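Multiple structures are listed underneath, in structure tokens.
Each of the next two complexes has subunit A plus one other chain: subunit B in the first, subunit C in the second.
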Partner chain A sequence: MDFVCNIPFISILLSLFSGTICSVLPGRAAKWVNTAVIVSVGIMSAILLVYVNGTQESFVYMMGHFPAPWGNEIRAGVLEAGMALFFCMIMLLCMWGGRKKLDEEVEESKHNLYYILVNLILSSLLALIYTNDLFTAYVFVEINTIAACGLIMIRQIGRTLEAAVRYMIMSLVGSGLLLIGICMLYDLTGHLLMSNIQEAVAQILEEGTYTVPLVITMALMVTGLAIKSALFPFHAWLPDAYGYSTISSAAILSSLVSKGYIFLLIKIIYRVFGFSVFHDSHIINVLFVFGLAAMIFGSLSAIKESDIRRMIAFSSVAQIGYIYMGIGLGTKVGMIASIYHIIGHAAGKALLFIAVIGLTDASGFSRSFFDLDGAAYRNKIAGIGFTVGALSMVGVPMFAGFVSKLLFAQAAVNNVGKLMPTMIVLAVSTILNAIYFMKTVIRIYTPAENTEFAVIPLKREKLYGVAVVLFVILNITLGMLSQPVVDMIRSGLEMFA
Partner chain B sequence: MSRKKTEKEYQKSFAYYFFRWLNGEKDEYLGEVEITPKEPYRETEEEKRARIRGKRAIFLRLYGAKKTRAVRAFELFYKAASVVFCGILICLLLLTVSYLPPTGAADKPVNNEVSERYIENGLQETGAVNIVSGMILDYRAFDTLGESHVLFIATITVLILLRLDKKKNDGAGITAEQAELNDAVYEPKSDTILQTAAFILVPVIMIFGLYVILNGHLGPGGGFSGGAIIGAGLILYLNAFGFEKTERFFTEKTYKWVSFGALSFYCLAKSYSFYTGANHLENIIPKGTPGAILSSGLILPLNIAVGLVVACTMYAFYVLFRKGGF
Partner chain C sequence: MGANLWVNYGEAVAAVLFGIGFGNLLLQKNLIKKIIGLNIMDSAVYLFLAEKGYIEGRAAPIVVNGVQEAAAYINPIPSGLVLTGIVVSVSVSALMLSLTIRLYRRYHTLDLDQISLMIKREGR
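Right after this comes the complex of A and B.
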């Protein structure tokens, strides 16, 4: 075994250990540890990606001295390595963009606690990406849930506390359903390792015993993960949690935490039940319908909102709907489109959150729509960032959002039964997206007549500017050079099965 | 009539106190226990109205919605719908359980090669007599590593929520000093019954906790349960003797460094065994003779580390909930 194969293990343990280290460091040192860990994990994941792309084979890594069904095991392929690299990039930029705001909004003595949360979120995301064992996945889902609550409430105002309580209740319902599902699946198959469960599931279907509990197990696990990633009817916790927490938390929650659960769901679909079993069950149609509903209702709620940050939060509901719609199409292209949208939406939504905070700061910290006139002139870099993010969300060519919409449309063509509803909802949702995003872009570029708000010079916020520029570059790269990414996802999905 | 003791001497003797106590003439503890019952909270009609008004104002400001008839109707519908939904979910789950393989059947899918190897080879492969310990700390140690970090992250979030800053006071909250004063008012001081009971119980609890931790690889027990017992003992000690006594050996610094030390030992030790295991290198940690106290390789030190983390977490939770700081 090559030394490179140790990288998944090293990245999980490094980020876990750095959380422990940060607990005894002062805030400033913890900040550097955090940055160093994210950067080094990102570099290692890039090396791993190159290696796996060369061999074109996934590998399993034994966690301990005992082979798989007895001991723990993690697994890495092209898709896993690519996701790890991408999550690290987004997380680093989110932390940079929100750094100044974090210093203002969070008490000095609690800064190191914030970096502990971020490190542990990173490690749990990596574990969710690499895991090959359902129970390991559940343990790290727990870490992810609790740390996300901490991210929401570390800025202690009334609304964030309420949002954290809501998030916790909904998220624990999701965890509970997932856990019940895992327990029943263990009872039916006698295994926790993904590949063994898949064999046992195939056997169950062949013999025809236990098919009823199998379908219910599948439904429970899918529902649990859908609640945790805020699919449409379960999205009530989302606007407050994203709208009032400190800005790096909002960006990390919307672009990484919920995406980690969706990635786990895709992994479960492919590696636990098998894609064809999932495709033949009717759960896929339920996901499809709720995905379509989310695309419409999320956008409608966003149009009604006059608070800009809550508007962006509601737009997340719509975008999560796109991802579930792609999964619900039940074709391979649909799955590729969903995973591409996970990436594209993460890059766009994090950019929007980071850009919005610059605009509201330039408008006297007011989040109301009516104070934002001309904000893009007062904080130029934030204005550019917001425009790029909005164009990407709407799906204008050259930006990341366009590619995923194109892929969704292609995927719908492969599935004749679901073609019409997909196309219609896709068109309607794009128009609704355009309504509220373009409205905002026009407003921030409308010169204000007599404004008392001062211009924020770029010199004062160097790190913020760098983060926004890198986000913009990332978005345009994803939009222009989409083919390598799509190829990577395709070969990664082939390694899954 | 002769008396061996004068009246004055008699009043100092044990018999005098005993008979007075027996006849109910004097309460020995009167004046020694500082606990004073709080006035029961009574709300006047005026205050009640003000409270309801305030609540409505907050609701209006937060959500910008008045409780109109439509909202009320929706709330009623919401409650009814949630009850119906929960009923359906319960029925569905019960129905599913009836389809599951029967408990205790020999041909149940869970009775497969996995549990077979745990039971048959567990002793030779891990060196632990207690199969459960061998399983959670050796076979599936990665899950347990995650689980102890769940505890760690839970303490961190409670710290974020409840720790009060020494200096800052943002108007609504209270400072650490005020919390200290509040604690002094509301908590009993030098309660003799509690102190006597704690004096007897705490050493026993501590020793039992240590036994459960150290014996984890030989019999029922382990780090999680033993740590919880020790944490409970610490909380009892704190309640009986107050913060002044506990602060001599347990401050925030102690908590920080003990849990840091335990978790980093856990992390590093397990990283070593993961690394050697995956790369098929020799593990130099000896297994020892099964049944001896120093046996089963890393399981004993790991149990100690987990026990320390759990005990510190329990104690820290209690302290934070009581006065928002150590």
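Right after this comes the complex of A and C.
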């Protein structure tokens, strides 16, 4: 086994331990440790991606040299390495873009705590991406939840505390369902490693015993993860949590944390139950319907909202709906589209959150929609960033959102029964997206008559500018050069099965 | 069906407890009661696991008197899972309780709906 195969394990441990180290460091040092860890994990993931792309097959890494049915395993393929690299990139840019706001909003003594939480989020995301063991996945899901709760309440105002409690309650309901699902699956199959479970599941289906418990188990696990990733009826905690926490937290929560759960779900679908088993159960239709509902109702709530950050938070609900709709289509192209949308939405939504904070800062910290007149002239780089993010979310060609919508439409064509609802809801949702995003873009570019707010020069916020520019480049690259990414996802999914 | 239920009464109790805990966690307004619900739910999962791992007439997997064959012992993995689960649930409960204390100090109530109302009235 090549030395490169150690990378998943090293990157999980590195981020986990740097979290503990940050607890004794002062804020500034913790900041540098955090940046160094994210960059080095990103570089390592890139090396791993190149390696796995070269060998064209996934590898399994034994932890502690105990062989398959007993030991714990890590598994990496193209998709896992690519996701790890992408999550590191987004996380780094989110931290850069929100750094100034973090210094303003969070007490100096708590800065190192914030970097602990970010490192823990990174390590749990990496573990969710790489792990081959269901119980390990559960433990890291909980670590992810606790760290995310900390990210929400690091800025201590009443709203964030309440949002953190609501987030915890919803997450605990979700992880309770996931846990009982995993326990029942263990009892049915006698294994915790994903590959062994899949063999046992195939055997169960062949013998025809325990098919009902199997479906119930599947339903419990899918529901648990859907609740945790804020699928439509379970999104009550989301607007406050994204709307009032400090901006890096909001960006990381919306673009990475919920995506980690969805990636785990996709992994469970492929590696635990097997895609055909999942496809033949009716759970897939339930996900499809709730995805469609989320696309409409998320957008409607966003239109009604006059607080710009809550508006973007509601838009996340709609975009999560797109991802679940793609999973619910039950075709391979649909799954590819969903994974592409995970990437595209992460890039676009993080950019929107980072850009919005520039706009509200240039409007006297008012979050109300009506104070934003001409904000794009007062903070030019944020205006450009917001416009690019909005165009990507609406699905204008050249940007990441367009490619995923195109892929969703292609996937729907393959599935005759779900073609009409998908197409209609896609069209309606796109129009609704356009309504609230374009009205915001028009408003920030409408010159204000009474310019009481000062112009924020670009020089004053260099790091912020760099983050926004890199986000814009990322969005346009994903939109223009989508084919390599789609090919990567396709070969990654083939390695899954 | 009925006979199975009687044989696996431990699992049946666990399922009922899970439902009770789940309902309390979701539906109670009082934060402390919610946390109690969470703990009932988690305990139900541990009961379920312990019940599944236990084999009638066998001992805990600790070698005493030199008995080595596997047939003498119960399955140790569920016990390990229960231990891990307990650690997770303790930390989550601690976090929830600390959040509750903060909210109580600020708003002097444990009712989540009233807290929401007060926050709306604060208007920020």
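By our rule, the second predicted complex is superposed on the first by the 497 of 497 C-alpha atoms of A that agree within 3 Å, B and C clash if a C-alpha of one lies under 4 Å from a C-alpha of the other, contacts with A are read in each partner's own complex, and residues count from 1 in each chain.
Quick note on the criterion: a contact is a pair of C-beta atoms (placed from the backbone, for glycine too) under 8 Å apart; a residue touches a chain by one contact, two chains touch by 3 or more.
None of the values given here were measured: they were computed from a predicted structure.
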item: If touched residues of subunit A are counted for subunit B and for subunit C, the larger one; value: B
item: Partner chain(s) touched by A:212 [first = subunit B, second = subunit C, both, neither]; value: first
item: First, second, both or neither for A:200, with subunit B first and subunit C second; value: first
item: Which superposed partner A:32 touches (first subunit B, second subunit C, both, neither); value: neither
item: Partner chain in contact with A:23 - subunit B first, subunit C second, else both or neither; value: first
item: Which of subunit B and subunit C A:365 touches, first, second, both or neither; value: neither
item: Contacts of A:179 with subunit B and subunit C, given as first, second, both or neither; value: second
item: Touched partner set for A:169, first subunit B, second subunit C, both or neither; value: second
item: Contacts of A:187 with subunit B and subunit C, given as first, second, both or neither; value: both
item: Residues of subunit A contacting subunit B in one complex and subunit C in the other; value: 135, 139, 142, 146, 149, 153, 156, 159, 180, 184, 186-187
item: Residues on subunit B engaged by subunit A in the complex (per definition of touch); value: 62, 92-93, 96, 99-101, 108-114, 117-118, 125, 138-143, 145-147, 149-150, 152-154, 156-157, 159-161, 163, 165, 168, 256-257, 259-260, 263-264, 267-268, 270-271, 273-280, 283
item: For the subunit A and subunit C complex, residues of the former touching the latter; value: 135, 138-139, 142, 145-146, 149, 153, 156-159, 161-162, 164-166, 168-169, 172-173, 176, 179-180, 183-184, 186-187, 192
item: Subunit A residues touching subunit B - in the complex, by the definition given at the top; value: 1, 5-6, 9, 13, 16-17, 19-21, 23-24, 61-66, 69-72, 107, 109-110, 113, 116-117, 120, 123, 127, 133, 135-136, 139-140, 142-143, 146-147, 149-150, 153-154, 156, 159, 180, 184, 186-191, 200, 210, 212-213, 216-217
item: Residue ranges of subunit C touching subunit A (in the complex, touch as defined); value: 18, 21-22, 25-26, 31, 34, 38, 41-42, 44-45, 48-49, 52, 77-78, 81, 84-85, 88, 91-92, 95-96, 99-100, 102-103, 106-107, 112, 115-116, 118-119, 122, 124
